[in-house]
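What follows is a pair of complexes built around subunit A, which joins subunit B in one and subunit C in the other.
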Partner chain A sequence: MYTLPSKLKLFSIVLMVLGLAGIIFGFMTTPKTIDDVKKILAEQEAHHGENHAVDHKEDTANFIDIARGEEGYSGAAMEHATDLSAEGHGASSHEEHVLHQLQTRPWSATFVAAFFFMMIALGVLVFYAIQFASQAGWSPVLYRVMEGITSYLLPGSIIVFVLVIFAGEHFYPWQNADLVAEDKILQGKSGYLNFPFFVIRAAIYLLGWNIYRYYSRKNSLAQAEANNFDHYRKNFKASVFFLIFFLLTEATMAWDWFMSMTPHWYSTLFAWYVFATMFVSSITVIALVTIHLKSKGLLSFVSDRHLHDLAKYMFAFSIFWTYLWFSQFMLIWYSNIPEEVTYFIIRIQEYQGLFFGMLILNFVFPMLVLMNSDFKKVPWFVVIAAVFILVGHYIDVFLLVMPSTVGHNWGFGIPEIAALLFFAGLFILVVGNGLGKVSLRPKNDPFIKESENYHF
Partner chain B sequence: MAAKKIHAIYTDDDLLLQAVNQTRAAKYHISEIFTPFPVHGLDHALGLAPTRLAITSFLYGLCGLTVAVLMMNYMMIQDWPQNIGGKPSFTFYQNMPTFIPIMFELTVFFAGHLMVITFYMRSKLWPFRKAENPDPRTTDAHFLMEVDVDNHDVETLSKFLYDTGASEISLIENEQDH
Partner chain C sequence: MSSHYEAPIREPLVLGEKSYQDISADVAAPVLGKANKSWWIVFTIALIAFLWGLGCIIYTVSTGIGVWGLNKTVGWAWDITNFVWWVGIGHAGTLISAVLLLFRQKWRMAVNRSAEAMTIFAVVQAGLFPIIHMGRPWLAYWVLPIPNQFGSLWVNFNSPLLWDVFAISTYLSISLVFWWTGLLPDFAMIRDKTKSPFQKKIYGILSFGWSGRVKDWQRFEEVSLVLAGLATPLVLSVHTIVSFDFATSVVPGWHSTIYPPYFVAGAIFSGFAMVQTLLIIMRKVSNLENYITIVHIEYMNKVILLTGGIVTVAYATEYFVMWYSGVPYEDYTYLSYGAATGPYWWAFWALIICNFVVPMTLWVKKLRRNIIWTFIVALVINIGMWFERFNIIVVNITKDRLTSSWTMFQPTFVDIGTFVGTIGFFFVLFLLYARTFPVIAQAEVKTILKSSGEKFKNLRAKHGND
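Our next item is the complex of A and B:
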């Protein structure tokens, strides 16, 4: 039986207190009026001098204008087509626009961290359901570890639910009635993108995911006491239906919570892309928690072969993520349609280091570190790869949210770090308690013997 | 010297693995195993040195990547730049996203094909080579373990192999030495 070490518990509580203070500080210090913004912009102007020299915008603008033989063509085209900013059309002045983005920043910062940890718990739940639905023989020794991590799903998803409901126009410009009134595209989408339906959908996700988590955990624990396999069969059925439910709701969740931040822009691959991020981070966390518990001597029945398999999944899904990232990028880059390509223009112009750094962290490093079969069995190697992957996918979520909501007024300061600390602390605390409630060995599972004697 | 060998036939791969472990634990020498398909963990159970095939595959992959980069750079940038979809074809890095599928394909192509060819060469499986397979059933559903008799008693060894689950045991007296 695992108990969260008191030092780790204290550490997580300190993280949460610091984080909460930082989040509140972030919300309190946003500029309130246009005058505040003017002051900030004047300060920035003083620093910015040299940055403007590197700006290529004017070159491209001129190039397009010349090609079209029409002065100001590119500027006009960008004005209409752009989704660079959430509030690009509605705001009456540049200052008002900046004010809006600066006020959005603490919301976005909190949402990035909240979603990052929630998606880890959710992804682990999906991985868990897949093990049941496929009747996997290697993984039952890890069921209690996975259940421990998914215990974060309830608090995590409630926080994310509250954030997306109350963020309103900070995240989702289609909730601005004035904007929709003068925008034909948004009117066309209003059958799906309207506030009541948005709330109903979010509530369905929240309920569906958590009901499955509650039900499967209950059955899994009951199976340990039972002398037949009824609970296992129930879990099998529930897992199959949950996977269908999840794949549908995951797609709409990705559209609702992320893609609708830039409501003109769309990508058919987007839902899969978010899923890949979620899944690879989740498997990485399973591996990390397994290594932690094993180092405490609590998982004597988990061998290096189980770790090897988890590391294989980390390797495989890192490549899967890159495949989806590249597929989405190349098609949009190649076709170069203004309303699509804006998504990457802002990410490459304003977030260049993060955007390409993420590729190295999420693809090159895991690939090189985990390629060798022997390295996958060495815990500290897996930990190194796991750190790369988790940092990389945090950046990935950051890049899903920030460019669409705060545009070029982004930073990595107190609001972002505080949110990360707060949710990391909450995650450690909840998962630690979730792991501690029962024995880590899932007794009476029909495949537990095969799993314990697992060789590949 | 006529080398005496015992051929023990098994009908299941898990049984074979178990038998291999028991035979090795009893200090008998297994000279060869014939299986209809690769059995996971068999090389480990036999105590064979880890294969270096994966390293060659990695190197072949690097070769393929290099060939792809040089080829695309020569074709599309130096020799005959083409305007496809208005994408810049002046430098390699500007046009690189379009080359990535080709780089990927050639990496996989080189790694895969050359690794298989290396494997054939290493296993001495070149064209027109005669099969060494002692029993044609090992190409279908049976697993054959070849154990050296050396100076062990044939009776005890046969009894031992029978107890490991062999379904058929035959003594082979080989006239020519390998």
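Our next item is the complex of A and C:
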């Protein structure tokens, strides 16, 4: 039985308190009026002087071009994507725009961290379901670990749900009725992108994912007491249905929560790309939690072979993520269709270091560190790779959200760090408690013996 | 590799009271025996189809591409449809041998040899089309970056058609090496078993002097693992590159970022359907029902269900984003309302029925374990996946941006004849393979006999598991 060490508990509570204070500070200090923005801009100019041009790329940001709805597709889109100066847009509209982005920043910062930790819990749940559906023989020893991590899904997904519902126009320009009235493209999409349907969809995801998590955990615990495999069979069936449900809802979730932040832009691969990020981060967290518990001597039945397998998955899905990243990027770069390239133009122009840096963290480092078979069995090596991967995929989520919502007015300061601290603290607390409720050794699973005797 | 313990709940993979000796004998029987009448009949039919196809190819090359049904709008039709179809079929082989090896699926051992053979033969068929669909195929060597007398005139590495050249040729070579390495111990088994001096000579050469020492086996396993690790990204990238032929373009319907993983999923889907088609017959005629069991068929059906599900989600995504994009041109793409009701409505619905509706029946366990039904579904999927490629290629370009270039496509007998010819050629190769190669990797099946054989599972059930 695991109990969250009191020091770790205290640490997580401190993280949460600090984080919460920082989040509140972030929301309190956003500029309220256009006058505030003018002051900020004046200060920026005083500071940067020569960098004037760089500081006014606001038209690449939060890419909603009202004109495109009237003028058609390519011309206006390209103009807005490449026109980096404020000329011709009237000073007041420019400052309003900056005001909007500055007010959005604490929302986005909170959402990035909230989603990052929620997707880890969700991805672990998917990995867990796959282990059942594929009748894996190596992983049943890790079922309690995975269930512990997925205990974060309920609080995490509720927070994300609340954020996407209340963020409104901060994230989703299509919720602005005035904008839609002027924009033919958005009017065309209103059958899907409308608020009531958006809420209903989010509620369906929330319910579906959490019901499976509750049901499978219940069966998994009941199996430990049973003397037949009925609960296992129920879990097998449930996980197959969950995986179908997930494959569908993951796609619509990615469209709803991320793609619709830039409602003119679309990419068919996008949903699976989000999935790849989610999946590789989750496997990494399973490995980290396993290493932590093993170092406490609580997982004597988990060998370095199991760690080796987890590390292989981290390696393989890092490559898989890169494959999807490259496919999406290369195809859009290659054909260079104006309405599609805007997505990457802003990311490359305003976020260049992060955009290409994340490739090193998510692909090059895991590839080099985890290629060797012996290294994959060494805990500290896996931890190093895990840190790269988690930082890299946090940046990935950051890049899904920030360029679409705050544009060039981004930063990595108090709001972002505070949100990370808060959700990290919450994650540690909830997962620690989730791991603690029952024995970490699953019993009576049909494959548990195979798993415990597992060598490779 | 893995321990000998196996959960009792797992179904046996080798049926009957088999010993190591029985496995060798069963696998060697078709090679050591004589072909029967029905083999000759089928072989003759395949050979005639092949020769007919060869005639069509010669006619095309000597007369001109104009003998096909292509027109100025539709520059790619059956040629590239067949190319993608054959490449797709070739993917299940590598999936079974490489990906399932990485996932330590023991059931792959009874089916990998034939799946790999299918890969090689299908890629050979696929490889024909990029050459014969050229207007001047005798200049095909210009696609290679060779120093030359034109001031070293080189190829442009920006074209996915050039990437295809590298992808397909690498894929064929790696698959061939992977397949052949696996064959060494099995050829050695035939060499040691045969009484005929001629066969002994031939299989002695083919088996490269394999003597099965410990060191050899160690390296053999390591090489298999490394090749599997290399073949897995290869198999994904090859069909990805094939999908780039379309996705890098600006043609509505072709330009779609989901193509890379979607094509790969479709390739596995159609490839497994072809493996089912071939193995269901092979297990019967070669008496291998104890090795290729109903469990193997069910597992392959599950892979078909999974990849079919992924493909279906991709269809839904394409359909949704077609609408969501708000681009009016997208309404004529292969997965759109316009396609479902337009002149190619039958191709659209054939796709939906063959690739979605019919395979869905495999969710029912009874049907999944029904050999006749599996065979029918597998055939339907092969047809459906041909239609998928036809729809992607032809339907998308018949109605492009300019209404003045809208047109229809009508294949000629040469289009059809060439396709029939490649099917004939495929079966010629496959039938010859089935008579001369050990169609089951007996050395691998022997490694799982004691953990997954029915006899040994029963023994363990009786005498305890440890």
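Points worth noting:
As a working rule, the second predicted complex is superposed on the first by the 414 of 456 C-alpha atoms of A that agree within 3 Å, B and C clash if a C-alpha of one lies under 4 Å from a C-alpha of the other, contacts with A are read in each partner's own complex, and residues count from 1 in each chain.
The definition used in the following text is that contacts are C-beta pairs under 8 Å (C-beta built on N, C-alpha and C of every residue); 3 or more make two chains touch, one makes a residue touch a chain.
Just so it is clear, the structure is predicted and the values come from calculations on it, not from any experiment.
On the superposed subunit A, the positions of subunit B and subunit C overlap enough to count as a clash. When both complexes are overlaid on chain A, the residue A:Asn453 reaches subunit C alone and has no touch with subunit B. Of the two partner chains, subunit B and subunit C are each touched by A:Tyr334. Touch criterion not met for A:Met367: it reaches neither subunit B nor subunit C. Here subunit B and subunit C are compared by how many residues of subunit A each touches, and C touches more. Once the two complexes are laid over each other on the shared chain, residue contacts for A:Tyr266 go to subunit C alone; subunit B is not touched.
Of the two partner chains, neither subunit B nor subunit C is touched by A:Val383. When the two structures are aligned on the shared chain, A:Leu20 is found in touch with neither subunit B nor subunit C. When both complexes are aligned on chain A, the segment of subunit B among 129-137, 147-155 or 165-173 whose C-alpha atoms clash with subunit C is 129-137. Once the two complexes are overlaid on chain A, the subunit A residues touched by subunit B in the first and by subunit C in the second are 330, 334-335, 455-456.
On the side of subunit A, the complex with subunit B involves touching residues 326, 329-330, 333-336, 371-373, 455-456. The touching residues of subunit B, counted against subunit A in their complex, run 40-41, 54, 58, 85-87, 97-98, 100-101. Against subunit A, the residues of subunit C that register as touching in their complex are 1-3, 5-10, 104, 233, 236-237, 240, 244, 247-250, 255-261, 309-310, 313-314, 316-318, 320-321, 324-327, 465.
Subunit A meets subunit C in the complex at residues 73, 135, 137, 184-185, 188-189, 192, 229, 244, 247-248, 251, 255, 266-272, 319, 323-324, 327-328, 330-332, 334-335, 337, 339, 446-447, 449-450, 453-456.
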